[in-house]
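Structures incoming, each one as structure tokens.
Same chain, two partners: chain A is paired with chain B first, then with chain C.
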Partner chain A sequence: MKLRADLTLRKVGNEYFIVEPDQGMVDLSKVFTLNETAAFLWNSLQGKEFDSQSAADILIQEYQIDQDTALKDTQKILDMFKSQSLTRD
Partner chain B sequence: MMQQQPSTKAFIEALQSSLWNREINQAPFENLDRNQWIAIFKLSFHQTVEGMICQAIQKLPKELLPPADLMLKWLVRLERIEQKNQLMDTIIAEQATIFQQNGIEAILQKGHGVSLYYAHPSIRLSGDIDWYFPKKEQYHQANQLMEKLGQDFKIHPAYSSGYHFKEIEIEHHQKLVQLRNPFVLKKIKKIYQQQEKYNRLHTIGGVQVTIPSPMLNILQVDAHILKHQITYGIGLRQLCDSARLYHSLSNDIDPIALKDIYTKLGMLKWSYVFHQVLVNLLGLDQNKLPYLADKALKSDWMADYILRTGNFGFYDQDHPDINNPGGRVDRSTRLFGNFKNFITLAPVETICFPVVHLFSKIHH
Partner chain C sequence: MNNRVVVDNDSFFSVVEQEITAGNTVRFQLKGNSMEPFLNDKQNILLTHINASKTRIGEIVLAKWKNKYLLHRIVYQNEHYLYLVGDHNLVQIEKTRKEDLIAIMKGSYTADKFVKFTHWDRIVGISWFIIRPLRRCKNLITRKLIQEKQEA
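And now, the complex of A and B:
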């Protein structure tokens, strides 16, 4: 899968946001807040084809955590990305 | 004076920070309450610089940020502006290709032809796409083409046409410098002929697009500002355009030649006051100006009017156009007020507005 290339991660204060604006007359814009780890993963995966394992490898390298924890954390984050349609297959 | 209000000071600081791509000074943002943030939010919309303000305030520390609900609205707006600018880039590329394929010489005016000179072009709000056609027959040829390819095509008064192309507003113009004084038309044509060899090519959306030469670019932006100041007003977005052009092109223009052009077109005295506003309000480095006035001039009245009335004067609280959608309120009072303000600065251009307006209505 790949992350959507038309969305931008923004840091405001200590928080991270992804805004999906609605251009219609009725404002159906969506704003997603990301924690530090999700934001790091978002930036690291930009423009790349990835799966759960390759995403977990990035977390292992950055945070020096074990494989199980990395896979569990990655899955949670990717589930959120997918459920909010922030990824493309 | 509006400029002295804490919310206005904070707004100006954010605007300057974005305009000059420099660190934001935190002091004006300390102790701002919710109402003051709402005032900044509204001002950024009224002046159509909300993308620039949002980009600047994102750099504030957490404790100085606006209330979360306002910040989110700003972020949504910023994202929309960036996405629209991306779309406009593709439309410009598509139309430029169509014109080139049909042997039509088209110059990209204002908007995207100016945002190229910003530190962050993608956050400048663009209303529409303006094309200038130096040759009359090619203007008509372009109109015929876009009557088929675009939607809602209309011929406008004052040598222009307009339509939608993939939901983006497009205008075609026969005049690059939109002054109303008919006695300077020949002079402008001559200036264009002398300058056109310095027109520049920029790559937009992968296609080479022609934009006006540095002198013509400054002239068209300033003339457009004057044209609107004489009637209902102009917002800070257009002033930012002028400031960025002076900043970016100061080494590429002949200051004596530009002063001579402004003298010939009856804009010189106005430009002294206008330049002062760019320096005092927007923080343009005075050394980037092509020439200076011999004496200090009062310019706060102009800055305050711009701040108070917003984009094309639509947000004047004393004359709320918002009460008359699609139209203007208190026309005669406002036009007479600005007539008095500008008659000494640009006399012929000011007098020409009522005359040309009447002629244009009869003619069309």
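And now, the complex of A and C:
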């Protein structure tokens, strides 16, 4: 799968959120928030083809966590991305 | 995408400024009542870029003032400065440099329907400012009456 290339990640204060520009209009009344880990993953996966394992490998490398924890966390984040239609197959 | 996000004003408007500079129009939900009775708390509005030489009295603009962001109405302007006022305010006028202008309000949303800001809205808005002394008197009288009622 791949992240949708038309979305933009913004950092506002301590919050990360994704905005969806639509024909030159950005609707900041409808945004999707990410925590720091999800935002890190979002940035790392930009423009790449990935699956749960390759995304988990990025978290293992960055946070030095074990494989099981990384896979569990990654799955949660990717499920959230999918449920909000932030990815495409 | 509809998770509710609460961020501080300045951080939020810095993103609005980034998007406007990038050439986008920006829709967002207002917080506060400084533009009542014309714009209400939680109302959605649409902002777009404007050249500082094209502003007109009565228009509602986003500008920086004393390192803060304001969405207020232009009540007077000259070559270098804009004089802004919150419609709900009875006293204050903010003087800001034209280079601190960020965007202009293109319109607002009522029940998710876009309503364009018109020439008529400018006239009504500036008229509201002109009768400010009367609004101040009414406010004083109302306050006095309430005070007398409480004392009685």
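Keep this in mind: the second predicted complex is superposed on the first by the 80 of 89 C-alpha atoms of A that agree within 3 Å, B and C clash if a C-alpha of one lies under 4 Å from a C-alpha of the other, contacts with A are read in each partner's own complex, and residues count from 1 in each chain.
One rule holds for everything that comes next: contacts are C-beta pairs under 8 Å (C-beta built on N, C-alpha and C of every residue); 3 or more make two chains touch, one makes a residue touch a chain.
This is a predicted model, so every value here is computed, not measured.
In the superposition on chain A, A:R10 makes contact with both chain B and chain C. Touch criterion met: A:F32 reaches chain C, while chain B stays clear of it. Contacts of A:P21 after superposition: both chain B and chain C are touched.
Of the two partners chain B and chain C, more chain A residues are in touch with C.
Residue contacts after overlaying the shared chain place A:K76 against neither chain B nor chain C.
Contacts of A:Q84 after superposition on the shared chain: chain C is touched, whereas chain B is not.
Common to the chain B-facing and chain C-facing surfaces of chain A are residues 10, 12-13, 17, 19-21, 27, 29, 31. Within the complex formed with chain C, the chain A residues making contact are 10, 12-13, 15, 17-21, 24-33, 84.
Chain C meets chain A in the complex at residues 1-3, 5, 7-8, 11-12, 14-16, 18-19, 23-29, 44, 46. Across the complex, chain A is touched by residues 58, 60-62, 65, 71-72, 75-80, 82-84 of chain B.
Chain A contributes residues 6, 8, 10-14, 17, 19-21, 23, 27, 29, 31 to its touches with chain B in the complex.
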